[in-house]
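Take a look at these structures.
Two complexes come next, and they have one chain in common, chain A, joined by chain B in the first and chain C in the second.
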Partner chain A sequence: MLKLTNFSVQDILQNINVQFDEGKTYVIMGKNGVGKSTLIHSIMGRPDLETEGSIEFLDQDISELSVDERARLGIFVSFQTPVSIPGLSNFQFIKQSLDIKMPEMKAKLDNFKTLSSQMNLPADWDKRNLNTDASGGEKKKNELIQLLMLDKKFAMLDEPDSGLDVDGIKTLVEQLNNWKNKNNTLVVVTHYEQLIQGLNPDAVIVLQKDTVKVGDKSLAEQIFNNGFDNV
Partner chain B sequence: MSIENLDNKSYKEGFNTEVEVDSLPPGLTEQTVKQISQIKNEPNWLTEFRLKSFKRWKEMSEPDWAELNFPNIDYQALSYYSAPKYRSKDDIPQEILDTFEKLGVPLHERDALLGIEKDSKVIPTVAVDAVFDSVSIATTFKAELEKHGIIFCSISEAVQQHPELVKQYLGSVVPYTDNYFACLNSAVFTDGTFCYIPKGVRCPMELNTYFRINARNTGQFERTLIIADDDSYVSYLEGCTAPAYDENTLHAAVVELVAHDRAEIKYSTVQNWYPGDENGVGGVYNFVTKRARCQGVNSKVSWTQVETGSAVTWKYPSCVLKGEGSVGEFYSVAVTKGKQQADTGTKMIHLGKNTKSTIISKGISFGDSTNTYRGMVKVNPGAHNARNYTKCDSLMLQDSRALTIPYVTCENNSAILEHEASAGKISEEQMYYLQSRGLTEDDAMNCVVNGFCKDVFQKLPLEFAAEANKLLGVTLEGAVG
Partner chain C sequence: MYKNLYLQNVGLTPQLSEDTFYTLEELFDYTTTTLTDNFFDGSVSPRNEVFVDAYIKNINHLRNVGMPSKHNEQFNNANLNKLLDFNILINNNFNKMLNYVDDDVSSISYQSNRLVFSDGAVYTSNDIREKKPFNVQVLDFIHSNKSRQQEYIKFIQHTDNFSNLTFAFSPFTNIVTIPTGSNDKFYKNPLSIEYRNITEEPYLECNTSIIDIQHNLKVKINESVKATAGQMNFTTYVLRENSELILTRKSTDLGGWNIFDSVFICHPNSKLTIDTENNGSSYTQENFYINSSFKNVVKLKGRNNILTGNNFHQYVHQTSNDNDNYSSIDIKNVGHTYANTSFVGRYDIGAMSRNFDGNMSNQNLMLDKETKMHTRPILDIKTKEIKCQHGCTISNINEEQKYYLNTRGIEKPEQILIKSFLC
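Now for the complex of A and B:
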């Protein structure tokens, strides 16, 4: 699905080689500040991150594509701290992103309301301003709703657990496992043991400045027991 | 896409209409004023009003305190009257009807609707008065409105049919001495809208005047007068466009509103006068005096404006809150780009007890433009418990100038005045977030700007909120980069 070859981002990450396959779930771990968010956002194509090396999505070189072009190809990122956009409501945002036309409007709105109620969000969540006056956890839930409603192939979630309470985590795990299928790929940056267990990843990737270490779930256990320095 | 790509082609109302006109030669003398009055067959008191104003105007000088920079206007080089030639209202030249059709303003078809008896369950929602240059061309649904006792017609017609009303109110809110441009208008105004809502009547449809400037080198001096008697309600909207000419066109209108006891007037403007080209050549000078007197107890006037056009915009729709418990509101989105300049805002004058005013002003500027909000909140000694809430936000795209100049005078210490302001740019972070969901750069910007303007757009009548949204989208095209 997505392949990075000798991929570098400014002086933060050097020569990273990693491949993400269809139908699989990956967990990315790494020391604070090593560049996990940077990696994710450079895959998304954030304009201020200069990259070198090759990045291929569905066998296509996407290094020259803009953020919105990559999004339309099916790449999604869930932000660690989603930005607020006053005056734009949560549902309106989905409406714009999906370009929903009138005939489907009611069905989509109902879908939105069902999802937000499943996540214990307030009843008027569809009308609330995007990420404005919302708690950290609420913003994360909003990101999840977007993932579930937008039709994406390659989803990268940046610490989706932060700010969520125990029930929130449970719902997150349920919804993500539901979303996974043999045609999409899920990549989650997290340090939360419960989440890693619940997602049952196919591979755990430990990101370092100039290399990646790949292993299975036991690699995560190893880190929890002994820390990063013994990887 | 860069700002340099903007040109006349993107102002789709920039076409002009070839039609035969009656017009006065350029120049302004006492004779010109008399001629205008004569052409319109006006009663003596009105001719006197004009002459008095003209005399005073000659003694005044153009104000220069605004944050505006424009070449001197040669008042003798303009023609003060230009009207399309036709015999009777049934004989309107097709070209003019076509113009309004092209601009999306429904006229003739709606008139035809009224004539079909069996279709009486078609309830009209908008009545239109169309003004082409100096003359009101057609007013739809007058008969329907008359059934409610509502008068909605051109000012010229009102002078003939309802002179007592016009005489009572003309100049009562904006005296001819008020300012240079209002004084000029009082001398040479040609047409505009007159509206009277009788006691207890809630106007059943939106009243809409559409102003179209067509002739070159003319001044446009509309005069609008709306009176809402006790316990009445009316919602009125004006739309404005003009062709893309190289010369500047002066538009100096006066709008007076009077609201009696418990009456409410909603006045909305969507202005898209030709803004001039990217070098600042041509464009309309929009110098307008708009004022409401909230005369009655618990009366209310709301001004809502979306200003995207004009080379230079200079206007302060205001409310004089005289009646006890009266309410004044001002909601504005003003966009400037290219070489446009705007110095606009409002004045809320609190005179009576328990009066309330709300001001929400959104300024968006980009390119070399200058966007100034100038607002006054004045609380007089007798205005016990006055309340004001003011919020001015500026959004600057690229390098542009935005200024906020609030004047606050409070002479009664039971008043509470709140003022909030913000100035900023569209953040990269917001753009990135929106684009990461597949929105293009232009769509992402539209989202942020629409969100920014939402508080104001919500105040527009429903049909026009959508239009305003579209207009904003077109105006912002190419603003990124």
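Now for the complex of A and C:
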């Protein structure tokens, strides 16, 4: 699905080589400040991050594509701290983000209210301004709704668990497991044991400045037991 | 304007040919010298002495105060020279003007609750002119009542030099009265007032008006300003005791330029809500002068999306000389490439004004490095027992917000961010 070859981001990450396959779930772990968020935002094409090396998505080199072009190809990133935009309602935001026309649009938008309700968001969530006057957990739920509605193939979630309560984590795991299928790929940056167990990842990637260590779920357990320095 | 004022109504023959009326400065010189001298030597045969007296008085005043200078607070940041040098006979953008398709004045008769101020005259829909209880009353050149009009003219408070000029250039002060007893009739069915140039000829046209909202009324007025050439408006709104005015004003760029002075005389317990929208023009100056008395509530909201190359200058001046007044001034401007905008807001709180509660906010979104935006809040407070705050900002598009929208596949997030900013 997505392949990084000799991928460097400024002086934060050097010569990263990693491949994410279809139908699989990956967890990215690493010490604070090692560049986990930088990695996923550079894959998304964030303009202030200068990159070298190649990014191939569905066998196409996307390194020269803009952020919105990458998004329309099917790449999704959820933010660790979602950006608030006063004056833009959640409903309008979703409507603008959906790249489809009526009547399919109407069915999608009806689903927005259902999802908001399932996530225990307030009844007027659709009318509220995007990520404004919302708790950390509500913002994270909103990111999840966007992922579920926007039909993406490759999703990168940056600490989707932070700010969520116990029930919220449970819902997150359920929704992500429902979202996963043989045609898409899920990449989650997290250090939360319960989430890793719930998602049952195919691979755990431990990120360091110039290397990546890839292992199965047991690699996460080693880190929880012994810390990053001993893996 | 000249045809109306000097030939038909006053009987004065213009001393210069049409082509030589070039700029506001030249008009000023002509009005304050040639015209005044002609009045005094008795060569005119005024049709209506009351109004001619007002002209003479005002023109003399105008001659004394002179034209506005950059030292005027209102024009601190405005490119005043550009305005004074405008060739008023040349329309700056014929394309914009030609795209302006609207009904002509004759079709207004068949509409409802509608008034058009144009070149000093008032055109109304038939229902406005109907003689029935509690209907709107219009006093103009045709339906005049000299003594009443003279009384109303006393309401006019000259605020800056352009309002003097507008008054001097207006053939008549038109008076619209919404009488007590109409209750909320004109809230449920709002009045629509349009300020427009009478023809597509590029003349300077001026309107001086007084709108009197009488006691215990709730009135909504939807105004639109459509300048296809030079247009200067000077409107005084009188809000009597316990009345409420909800005023929306939308100015469209049709290639002309526009100066609009609005004076609000708020009697005790009156409420004023103003909602304005502007796109700017080759020169737009919008001035609000709000005079609060006692227990007034004033809410002014401006949402101005100033298009490429346009000018927009706004001045808001509220005075409070008595107790328990509330004010909220909330202006947001977006400046596109080469736009030039300014906001000057002033609270003048007198020594006898206690418990004034005011909040002045001006936020500006600058879309390009070639955009010029100025903001200046002024709080002149002569008393202690008040609550007053202000906040003025100028910022660019937030790159983080832009990136966030991009990540959701939105190609041009700027338009969404502009809309959300102006919300």
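One rule holds in what follows: the second predicted complex is superposed on the first by the 223 of 231 C-alpha atoms of A that agree within 3 Å, B and C clash if a C-alpha of one lies under 4 Å from a C-alpha of the other, contacts with A are read in each partner's own complex, and residues count from 1 in each chain.
Just so we're on the same page, contacts are C-beta pairs under 8 Å (C-beta built on N, C-alpha and C of every residue); 3 or more make two chains touch, one makes a residue touch a chain.
Bear in mind the structure is a predicted one, so any value in this text is a computation, not a measurement.
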Chain A as common anchor, with chain B and chain C clashing or fitting: clash
Chain B versus chain C as contact partner of A:Thr211, first or second or both or neither: neither
First, second, both or neither for A:Met44, with chain B first and chain C second: both
Which superposed partner A:Ser97 touches (first chain B, second chain C, both, neither): both
Chain B versus chain C as contact partner of A:Thr114, first or second or both or neither: neither
Residues on chain A lying within both footprints (that of chain B and that of chain C): 44, 46-48, 66-68, 71-72, 76-77, 79, 82-83, 85-88, 93, 96-97, 146, 150
Of chain C, residues touching chain A in the complex: 398-401, 403-411, 416-417, 419-423
Touching residues (chain side chain A, partner chain B) in the complex: 44, 46-48, 66-68, 71-72, 76-77, 79, 82-83, 85-88, 93, 96-97, 129-130, 146, 150
Chain A - residues contacting chain C, complex: 44, 46-48, 66-68, 71-72, 76-77, 79, 82-83, 85-88, 93, 96-97, 99, 146, 150
Chain B - residues contacting chain A, complex: 427-430, 432-441, 443-444, 447-448, 450-455
